[in-house]
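By written order: A, B, C and D. Residues from 1 in each chain.
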Amino acid sequence: MNKTKINAAILGATGYAGVELVRLLAAHPYANIVHLASHSYAGKRISEVHPALRGICDLVLQEDDLMAAAEAADVVFMALPAGIAADSVDEAILAKAKVIDLGADFRLHDKAVYEQWYKKEHHGDAALGEAVYGLCELHRDEVRGARLVANPGCYTTCSILSLYPLLKAGLVCTDGIIIDAKSGTSGAGRGAKTTSLFCEVDESIKAYGLATHRHTPEIEQELSLAAGVPVTLQFTPHLVPMNRGILATCYARVKKGVGADDVKAAYEIYRGEPFIRLCDSPVETRNVKGGNFVDIYLQLDERTGNIIVLGAIDNLVKGAAGQAVQNMNLLFGLDEGTGLMMAPGATL
Amino acid sequence: MNKTKINAAILGATGYAGVELVRLLAAHPYANIVHLASHSYAGKRISEVHPALRGICDLVLQEDDLMAAAEAADVVFMALPAGIAADSVDEAILAKAKVIDLGADFRLHDKAVYEQWYKKEHHGDAALGEAVYGLCELHRDEVRGARLVANPGCYTTCSILSLYPLLKAGLVCTDGIIIDAKSGTSGAGRGAKTTSLFCEVDESIKAYGLATHRHTPEIEQELSLAAGVPVTLQFTPHLVPMNRGILATCYARVKKGVGADDVKAAYEIYRGEPFIRLCDSPVETRNVKGGNFVDIYLQLDERTGNIIVLGAIDNLVKGAAGQAVQNMNLLFGLDEGTGLMMAPGATL
Amino acid sequence: MNKTKINAAILGATGYAGVELVRLLAAHPYANIVHLASHSYAGKRISEVHPALRGICDLVLQEDDLMAAAEAADVVFMALPAGIAADSVDEAILAKAKVIDLGADFRLHDKAVYEQWYKKEHHGDAALGEAVYGLCELHRDEVRGARLVANPGCYTTCSILSLYPLLKAGLVCTDGIIIDAKSGTSGAGRGAKTTSLFCEVDESIKAYGLATHRHTPEIEQELSLAAGVPVTLQFTPHLVPMNRGILATCYARVKKGVGADDVKAAYEIYRGEPFIRLCDSPVETRNVKGGNFVDIYLQLDERTGNIIVLGAIDNLVKGAAGQAVQNMNLLFGLDEGTGLMMAPGATL
Amino acid sequence: MNKTKINAAILGATGYAGVELVRLLAAHPYANIVHLASHSYAGKRISEVHPALRGICDLVLQEDDLMAAAEAADVVFMALPAGIAADSVDEAILAKAKVIDLGADFRLHDKAVYEQWYKKEHHGDAALGEAVYGLCELHRDEVRGARLVANPGCYTTCSILSLYPLLKAGLVCTDGIIIDAKSGTSGAGRGAKTTSLFCEVDESIKAYGLATHRHTPEIEQELSLAAGVPVTLQFTPHLVPMNRGILATCYARVKKGVGADDVKAAYEIYRGEPFIRLCDSPVETRNVKGGNFVDIYLQLDERTGNIIVLGAIDNLVKGAAGQAVQNMNLLFGLDEGTGLMMAPGATL
């Protein structure tokens, strides 16, 4: 284990995922934040934009410039809009620093699928070729040797980890899977949009992105790998009037003869995972708020033949910044849980 | 149309459904609140318990006593815990006043189903025999001539009205239906339970009652009637950190060859319904808050073969007090929308 | 009382005050919405922008054009940014229609005070000269004969009505008054600003506009009139994570010898006011939500010599659209409470 | 600095302050939780009651028994209702373990003042005699040598630290001080009361405890000590629909000739304090959420002659559990910030 401090840079540091990275890295025993960048706030201190960080991190924000970041740091976290990473990560960058991309550009192995769902061309073939999908629980060995990690999406992390054991063990039908997911509003980002205003979100719930949400192919990619056959599923996200948290309510039909014990046995694959907690009662997002845990609850309904899997994460931690730090730990040979074993915010 | 004032009584007047009835009846042009009762607050004015009502309704609360209420009023609204109505509504009562029961005791035609899901005996055979299930859009003709109306549950109203046209028209498979529903916290009632505390609900979402929620057989009863064959479905409720509102996200597999036009045509059955709004974009519960509307949005996903139906209501209005008033209007020969055409709370 | 329908126009109809006007006027028995305008959404239906209004009001939004509105309507409600009304309301307009301005341009009698606090020139001398300050409880006789009504600010309505009787009766020192006010987020408007985002407002409270908030001189103007001497006071607004509601916590030092009975007697001046409710326990904003009431609670603290007055209103109703309708009722000879006696949203 | 692990016990471990102590101590490098007690949940694991703690702390809850706790631990944190600590902390206890009482029993030096405001007799004279008021910034030297620490109240911590420099420096009049404070709902505790239900708190703000709140004499005690003369002030708490956070808006009249520079100079007394942050813009409670900081902002209003001081803390951290850990650090010779330098929850 290498205990030298890791110098870290963050592009897109003032967005919600970026600032959560600052929060986590500032408390990480072996990380050192050396470079922060923001297109909108360059020239200001991060603690002017986010006064919560006063005294914790007061770096001046630089312009977003991947090469400058790569030269300054051992690892660059990119939290930028879709397309920028694909356009800019190349051999010159990767020769200088490891890159953990919190965006979507390197998550889908098949460029055509990316272009279909994201409605834009992908210009980063070479980088895509070597990128590793950084869902640590499934791919930690590949991550360890990587230079470029595609940090998974928030909904996808929660959905994949909830359903993976069932598909890996072949206990459920691979068609007819439904994932009804609910997210806190930080998932919509910090852009000043009318639809993200307090008075438009508060005291309401809505579904959005029906049949078209971009996290769908990412979930299908990983569950297809688990199942060994292509999986096509229904993914429906919802916006909930809360800051943080994702709850995925997943439905699948169990195969004939599969019982509660078989299901339980399948999830034994998670034994020893530091961040997965199998729960005895239905999960609540408040129990993972601020922590890196994935809480999972299973219920087989013999009346309908469905298994219901509930998964809960904090979208900004395990769904973004926490998982990125987990990937950083793997990349630099640290214990995977370093700096991430904080208790979630208790009951509130 | 009988324009004499209808004298109304409410048992359980201080619970959330009860006080919403007061709010609606106080604004109803042909209703007159003459009797309010509350087991917990008898002797106090309703406006001491709910100061929002000061100057609107200041009646002193009586002890819960169905006969006293029936003698005082033309119609008695019962908003009491399960079992009480079954034990107390009888010929003597119904000879004196019409009864609209907001509880569950008379909703399920089959007593055995009630006893199975509610885990208690049902002692009201005679009343059950004549009770009409008061989902106005489906049963308004029967309601008009009834003495006893079983006002539907909140989740059920939203779920049934969302899916009814599909099953009536035979466009979807009757197995595999999934209803993933989300409710505001007023649905949990006004009892002082730890799980309903602000700090236990705020900033979190959870599922509950998996595979066992009592609204399940009520939805199945009505959709089976629509389909003409027994329908068994998955119903999963969730608790959302907001006061009011229910969103039902419903999934069904369309039969081979069924297209978007067929689906659209099926919902033409709702043309002319005063409270059903078919929407061009995904519904949000804030758009029905405080109103009696049911907002419905349809999306066929040809990739998966599923149809997704979103339904939204205010659980306290169309899901309880508003529908009860709608039933009262039918019982007394008034226009169904009387006192109920208020705009929902605009955007907030 | 003139029961012919009043034709009403609204400029700025898609902002929170504008849409609340639509909600109230749609339910008003003698009003008829004939013209809606919005700079940002011209060409769309109001119900496309605010789907809550589907079926209630589906008018197409016009461009903001005061003359067009004045020609179409008997009364024009203006809910526009500061400065526009001062620039555009003139004799030609007032010859065609009554104008109720929900903005600040005609509230301050002294143009110099306006220019000092609003940091802009005022170009509407003539209109200012005839404008009546439409705080109905204090100025209803003047409003009745007016052509131009300056509808008071939200904070000011709540603050003035809370303190007025004390200053009118001369019971408190005119210096040292402190108003610590708290508002829901709709008061910040519907503009897409970062500071109004859900995640920036939720789960937090802050003060803003310390010593500089523009409602200060408006409160001072009216309380000085009441006291007969100039009143200079401290006004501090706060932003609360809720949609609606204002609570004003007001502090004044009682003069020597003044007791609780004197204070109580002073508030007798409000006897008979349809919208003022003097309460026996501390007020809560939820009790006025959606209604036009002003709830007031008094407490004399003999230990400190202060009187504390709590006032609560719904900022969008009594603090904006409701009071504007109240003014319309006065302008057109209707009973002041017409269309405004709805119960607040019960407990939630 | 003693780096042996400190064994810690908590009585009242399932309340909001108790569970926050668990959260902080679990992450503290030199603390070891050895004993947790709860009257209501004895026999269950803390992580059954608060599933957020699964894997972080899974101890079985004992019955509340101070002697058992004192025998098991080096330090006992008491988070119990008023009166219990006064009745039970004695020489026998203090001979075995240090005690940090998060309740009110030992905060007021004058027993008569306690009995007047708490309306109950105080039976702990001896303990009261040696208790140290654990507001670390003012009394850290006394705390270091103490056996019994009275951890300050939440409102009081925020109010005292906001105003202390002004009174210490003699810049403001000692009469006429007003503290208008706002708190999140966790301050009301975890008891199952109707007034703490989600639907009774959400979307509303109210004042409570006018002129009678028990934190008043505690603030007066400390500010009188600072001023050298008795200070009588007005303290008004409010309930805000959020989980955590206190904002104190404090008003005082500056003495003649006092200017902004004098005020600024007075707060230099806080230079070097690890947890006090003097801010350039009005504070927001979200910026201290989850952290141990006190954010303070000053504004002198020359127009009115008032100084306004805004103070913000997290009521469960600096207002309870965090300050208790800060006191533990002092008691055991650790650096005061050990285990407490976490960043607040960024923007959300």
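One rule holds for everything that comes next: contacts are C-beta pairs under 8 Å (C-beta built on N, C-alpha and C of every residue); 3 or more make two chains touch, one makes a residue touch a chain.
From a predicted model like this one, the values you see are computed outputs, not experimental measurements.
Chemist: I need the common contact partners of chain C and chain D, sorted by label.
Modeler: Common neighbours, chain C/chain D: A, B.
Chemist: Does B-D or A-D have the larger number of C-beta pairs in contact?
Modeler: Higher C-beta contact count between the two pairs: A-D.
Chemist: Using each chain's Cα centroid, which is most distant from the centroid of chain B?
Modeler: Checked the centroid distances; the maximum from chain B is D.
Chemist: More than half of C-D's contact pairs recur, by residue number, in one of A-B, B-C or A-C. Which one?
Modeler: A-B
Chemist: Quick one: chain A and chain D, Cα centre-to-centre, how many Å?
Modeler: Centre-to-centre distance between chain A and chain D: 36 Å.
Chemist: Report the inter-chain centroid distance for chain B and chain D in whole angstrom, where each centroid is the mean of the CA atoms.
Modeler: Roughly 46 Å separates the two chain centres.
Chemist: Going by the contact rule already set, what residues in chain B reach two or more other chains?
Modeler: 16, 186, 190, 199-200, 202-203, 241-244, 283-284, 286-287, 289, 347-348
Chemist: So in the complex, which bits of chain C are touching chain A?
Modeler: Listed in rising order, the residues of chain C that touch chain A are 16, 185-186, 190, 192-194, 196-203, 241-243.
Chemist: Flag every residue of chain D that touches chain A in the complex, lowest number first.
Modeler: 16, 19-20, 22-23, 26-27, 50-57, 186, 190, 202-203, 243-244, 277, 279, 281, 283-284, 286-291, 293, 295, 316, 341-348
Chemist: Residue numbers of chain A touching chain B in their complex, please.
Modeler: Residues 176, 178, 180, 182, 184, 199-200, 202-208, 210-211, 232-234, 236, 238, 240-245, 247, 249, 251, 253, 282-287, 289, 299, 301, 303-304, 306, 308, 310, 347-348.
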